[in-house]
Amino acid sequence: MGTLQAIPLNHYILVSVILFSIGVMGVLLRRNAIIIFMCIELMLNAVNLLMVAFSAHHGDGSGQVFVFFIMAVAAAEVAVGLSILIMMHRNTNTTDVGFLNKLKF
Amino acid sequence: MTQYVFYFLSFLAILSALMVVFSKNPIHSVLYLVLTFFAIAGHYVLLNAQFLAVVHIVVYAGAIMVLFLYVLMLLNLNVDAEPVKKNWVKFAGVLSGGLLMLTLVATFHKAETMPLIQDNPEIGVTANLGKILFNEFALPFEISSVLLLSAMIGAIMLSKKDTKK
Amino acid sequence: METPISYVPILIQLAVALGFVVTTIIATHFLGPKRKTKKKLDPFECGIESSGNARVPYSVRYFLTAILFVLFDVEVIFMYPWAVNFKALGLTGLLEMFLFIGLLLLGFFYVIKKGALKWEDNN
Amino acid sequence: MKELIWLVPLLPLVGFLLISLGKSYFSKSLAGIIASAMVFGSFVISLGVFFDVLNGDGKPTTVTLFEWIATADFHVNIAFLVDSLTSIMLLIITGVGFLIHLYSMGYMHDDEGYAKFFSYLNLFVFFMLLLVLGDNYLVMFAGWEGVGLASYLLIGFWFKNQPYNDAAKKAFIVNRIGDLGFILGIFLIYTTFGTIQYSGVFSEAVNMADQSPTIVAITLLLFVGAMGKSAQIPLYTWLPDAMAGPTPVSALIHAATMVTAGVYMIARSNILYSLAPETLGFVAIIGGATAVFAATIGIFQNDIKKVLAYSTVSQLGYMFLALGVGAFTGGVFHLITHAFFKALLFLGAGSVIHAMGGEQDIRKMGGLKKYIPITYMTFLLGTLAISGIPPFSGFFSKDEILAHAFNVNPIFWVLGVLGSMMTTFYMFRLFFLTFMGTFRGTEDQKHHLHESPKTMTIPLVVLSVLAVIAGFIGIPHVLGGNHWLEHFLAPVFKDSAIHHHGSELKVSTEYALMGVTVTITILMILFARNKFVTKRFVPADDSVKQGFIPRLLANKYYVDEFYNAIIVKPLNGLASFSYKFLELKGVDAIVNGVGKLVVFISSQARKLQTGNTGFYIFAMVIGILIILALNLFNK
Amino acid sequence: MKALLLLSGLGILGIVSEILNFKKYIYKLTIVGLILTLGITFLEWDNPAPLQFSNMVNFDNLAISFIAVLVVTAILWFLTSAPIFDDSEHIADKTTLILFALVGAVCMVSYHNVTMLFIGIEILSICMYVMAGSKKGDLASNESSMKYFLMGAFATGFLLMGIAFIYGATATFDLAEIKMYMENSPEHLELVYTGITLLVIGLSFKISAVPFHFWAPDVYDGAPIQVTSLMSTIVKTAAIAAFYKLFTVSFASQSIAWECTLSYIAGITIILGNLIAVFQSSAKRMLAYSGISHAGYLLLAILANNTSGGNALVYYTLAYSVATIAAFAIIALVLQAKGDTNFSSFEGLGKKNPLLALATILSMLSLAGIPPFAGFFGKYYLFTSYLENHGIGLVVVALIGSAISIYYYFRLIVTMFKGESEEVIPISGTVKLVLILCILITVALGIFPELLNGGW
């Protein structure tokens, strides 16, 4: 794999960190719950990328298996999260998290 | 040649990720996110994780994103109903996101660049993954079925309207 | 030995497919006659004036189906790695998979029992 | 008897459980009887224990009940340490405790909380016994907290009205401040000596370098605890308020036993203290200051219980003064005598209040002598005892303290004398205003006047006898006695005696000191008599208080003038100053201020919880950034 | 191991009961099953071969005792929380979800591989997200569920990032191997440090430590009260146990990387939690904040970085859980009777419901750490284990914190004896039983702390 050596691991770390930060930024910027979910998914994907890069670096498969589990968990989280969203939308008719401010202090 | 592919994919991923965050219309966000996923899948291929690449496409682009679209339509959110945040909030958000990136990156800039040696490119192959998954990771595998079950129950319990009593 | 290079044929095929689609679309766009009038662009609803947003809200049932699809989809994904080394894993692998599938089947029955897949009842 | 020692605390506990569980089944009187019987039982046992110790060699014996905590390198047993000091404390707690139980049966007779009151009393006695019996600091702390809790319950006993609740809460909070110091001290002890068992700690401490800073720190922290419990400056403010509780409670908890816990604790750890002269000096100063300061306040009080409360504070100051000048025996001695006569005075006051139908203002009393003769006699004896007229008990204990004080530093002696002088004054002022002259109350009060029932008068008589004779256990050598108490307690204080190097006073000096104190005392009595009996002076209402000096000057003798010029004016000034300013604005304000501050900060801090998810996540990210940045710069 | 299987089995039984229509018995069946599990768990004490499933899980005595704590809490909880199971439609769902949550918790206290930790956390969290929203019509419940989910998923991202970095450095997920790597001079220090820091962040969120505590008060407040009691007992126990395992097993040798950060977090958590609790007017919310401060105390055990810290944790979590269960059961009763959980609703309880009053007093005293009750020794062990190799500074902070806490705990007690209340709150037999059990445990642990501290 001579060609691959040309890409240092740090580049992968860099890319995934950037993606992760963009995800965080999105969570901070948007108020629509669905978009926030998506940004969280983005964060998870950045982690996945990092995991795969490391696993390739170490030549150790367990990293990729872990990514596998992350995907399963992501699916489960999305399922539950979206149903919570639906329930909230059914009661309040909005998906704006700014609307959630009854509980405070 | 792979360098260029790598840089192109990275560029694509980051750009579309930014678009996810900044596009007004949720539908567009979803589509950009799908694009990001494809780019990441490309990275997987580069890293010899072909199986993961496929799974990634199937699960994320194929299932999760479809689900998102469903919800968007279900709740009729194609028009952007989201109230815009105040500018200073936006600024603060961007700023702290950037800072986070900087701090995370800063922790590595001291690190000498580690060349990505792939002493064993076979690991990405489905067969090998399967061996690991079903030997070492047998217990997590079974437990994850519990996870999926509870997700299933939860989803039904929350999103299904109760039968009128 | 799989390497990115061995994916080139796939890429080529992809390119061909996409290219074909794109070209046809563009071609029709240019070749077809264009006489646009207001009436023509209206969506045809049995002659009634169209009103409101084209996208009407779906019912929750579709959503439930979608969710369940996602979950079962992930479960199916878990089967590929098992299937490819079915022999190597042998009995233990088989049992593990049976347990897994069993649980999922249980979930499936549960879903049916809960009526999450019923379409006709309207609640 | 020693093997039965575990019964001593157990009995009151049983009593507490019995009454609190079976409240609804017992008749009122039965509850009282059970409670008193329990305490009496433990009194009998303690008596036996006492004689064991008396006849045994000076060696302390430890009775281990069961292992309490045992981590890998740390053991605490529920074990009781029996030595002379403990046995004496046991006698006081159970003895006085029993008398007060007896008294309460009369005093609380028509209170609907009768049974509950007795269950609390028993609970208190249990914890107090635990405190003095424990053979390590943790058990002591458990008892320490327990008595705090019990007194909290008893002060707020009539929880119907708010001020009582506030008083209770105040008492509790102020005590917490002290306890904070105490437990910190215990932790420090643990980290220093690796154990918290008295024997271990003390044996370790003896070979420790003289006046090492750690010891000083430990002793100071422990003393902070003592300040809280024993109401020393600046943590004394809760005690006067605690008078909100029923009078027997004031007698038992806030005069005889609980408030002396601090004294006991320091006497117990005397070795540590004698290793830290700095702390001893500090203790002496605080003690002396409290003695004088509280006395000055006492002069101006018109509530019979308040007067006694302040006098308690000042007497406690005496005890700490004694400890501070290294006269540990003296401190304990005064603790004993004080327990007797102060309990007597409080119960007497209670009997007066009982007779007056709840009236506590001495300006509305007077001439009670002929209505309640027994109370009158006993109260007189108590007053004589507290003001240190020979041969009453107060005289001997005070004298010993003063002698040692003079020996260490005459200033302390002056403080002491000043204090005792004022004590005499306000005590007799109280006495005369209450019993002499003519009745100043309303008519129906006058009809209501009656001597209290037997259950109340008998304890009074017994206590008065004790108050008279208790002094004889410590007749100093100069008066031809052989200080029995000193020999009895010697084994406890022997190690610190080595460190306590002071030349014996010359006999002549000692006589001189006695002479001076006694004369001054008698002069003060005469002055008070002259002022409040002959002149029939009655303090006016608070509104016109300032105006009374001119009126007094109008018809005066030369002596009066002299006294006024020399004593009354400055005292009034000092008293009103220390009461109005220090009391109300100063210390009190600080104590309340802390509480207010906490509440205020809380009311602001909760605004962080805006309820807005966006803000939450934002705050989280900020936190993450800070943590990452810290981590980055740490490397 | 058996505990894990049994609990999963019970959960599956719940699903079966839904399918085969015997779900009205599932509640009783569950309680029986849990008691059985408890017994079986004790049989596994001194497990000869704790490492199982190719070192995925490690059922050593610490894990066993944590499982015991969890199961005991679960039993008490089930006995007190009959009300949320009385709607016929969701009884099986809720039971199953909670049992699965327990499965997740057991994974979290017994994992020997980060994968198990991650999956355990996720199972627990997902079940909790759903349970928080289980009162579907109620806006507060929705809000709490939504907030919990959003922030929880967000925090999971950081947790995963941390795991990824650790994996990047060590190329393994096995705790023992990570430990080995950490001990002999790791070469990728920057990866290790960042990873550890991110893990601190992710786990601090799970135990609701400042500044990642924001979700806790709102979620606790909005969720149905029984769920709140579940969150503040089982979830906290599992999270802190997971935290402890990871950091004192794997990262002990790299303590410089996390000690400072964690000490600050602990200190701030204790002070802030107690401070804000002072001003609360609702008992439910007050307990939420006090729960935050307790998370701060628990962190001391991790900072102690020794085995006695683990023992202290077991003791403290048990004492805390029992007291909290009792407190929430009482609040639930008051809520049922008076319609809200404000302090004012507790007035006159002292005279009308002596049992409730006694239970409240004891649990409050225990939570406040007043001897001779269980809570005192919990704190005591925590502090001593911390002092074994640290200065007194943080302990002073903790003591000041608990001095503050006295204020609001006693406020509740005092309120109970103030004022008059007209009606007597009816208590069901089982709740009575639980309250008495809690009282007994609290007192017994206080008088014989040795019961638990066998030392393993």
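Just a few scattered comments:
We call the chains A, B, C, D and E, going by the order they appear; numbering starts again at 1 in every chain.
Going forward, a contact is a pair of C-beta atoms (placed from the backbone, for glycine too) under 8 Å apart; a residue touches a chain by one contact, two chains touch by 3 or more.
All values derive from a computational prediction rather than experimental measurement.
Counting only chains that touch, the fewest steps needed to get from chain D to chain E is 1. Compared with chain A, the chain whose C-alpha mean position is the greatest distance off is D. Relative to the C-alpha centre of chain B, the farthest chain centre belongs to D.
The chain occupying the central position, as judged from C-alpha centroids, is E.
By number of C-beta pairs in contact, the leading pair of chains is A-B. Per-chain CA centroids place chain A at a distance of 22 Å from chain C. In this assembly, the C-alpha centroid of chain B lies 71 Å from the C-alpha centroid of chain D. We define each chain's centre as the mean of its Cα atoms; on that basis chain A and chain E are separated by 27 Å. Between the Cα centres of chain C and chain D there is a gap of 83 Å. Listed for chain C are residues 3, 60, 63, 67, 70-71, 73-74, 77-78, 103, 106-107, 110, 114, each touching two or more other chains. Residues of chain A in contact with at least two other chains: 1, 13, 20, 23-24, 27-28, 31, 37, 55, 57, 60, 62, 65, 68-69, 71-73, 75-80, 82-87, 97-98, 100, 102-104. Among the residues of chain B, those touching two or more other chains are numbered 2, 46, 48, 51, 55, 59, 63-64, 67, 71, 74-75, 85, 89, 92-93, 96-97, 100, 104, 107-108, 111, 114, 121, 124, 129, 133, 135-138, 140, 144, 146-156, 158-159, 163. Of all possible chain pairs, those that touch are A-B, A-C, A-D, A-E, B-C, B-D, B-E, C-E, D-E. Per the touch definition, chain A reaches chain C in the complex via residues 1, 68, 71-72, 75-76, 78-79, 82-83, 86.
Against chain B, the residues of chain E that register as touching in their complex are 8, 11, 15, 53-54, 56-57, 89-90, 93-94, 96-97, 100-101, 103-104, 107, 113, 115-116, 119-120, 122-123, 126-127, 129-130, 133-134, 136, 188, 190-191, 193-194.
Those residues of chain B whose C-beta lies close enough to touch chain D in the complex are 85, 89, 92-93, 96-97, 99-100, 103-104, 106-107. By the touch criterion stated above, chain D contacts chain E in their complex at residues 66-72, 74, 141-142, 145-146, 149, 156, 159, 165, 169, 172-173, 176-177, 180, 183-184, 187-188, 190-191, 595, 598-599, 601-603, 605-606, 608-609, 611, 613, 615-617, 619-620, 622-624, 627-628, 630-631, 634-635.
Looking at the complex, you find that chain C touches chain A at residues 3, 60, 63, 67, 70-71, 73-74, 77-78.
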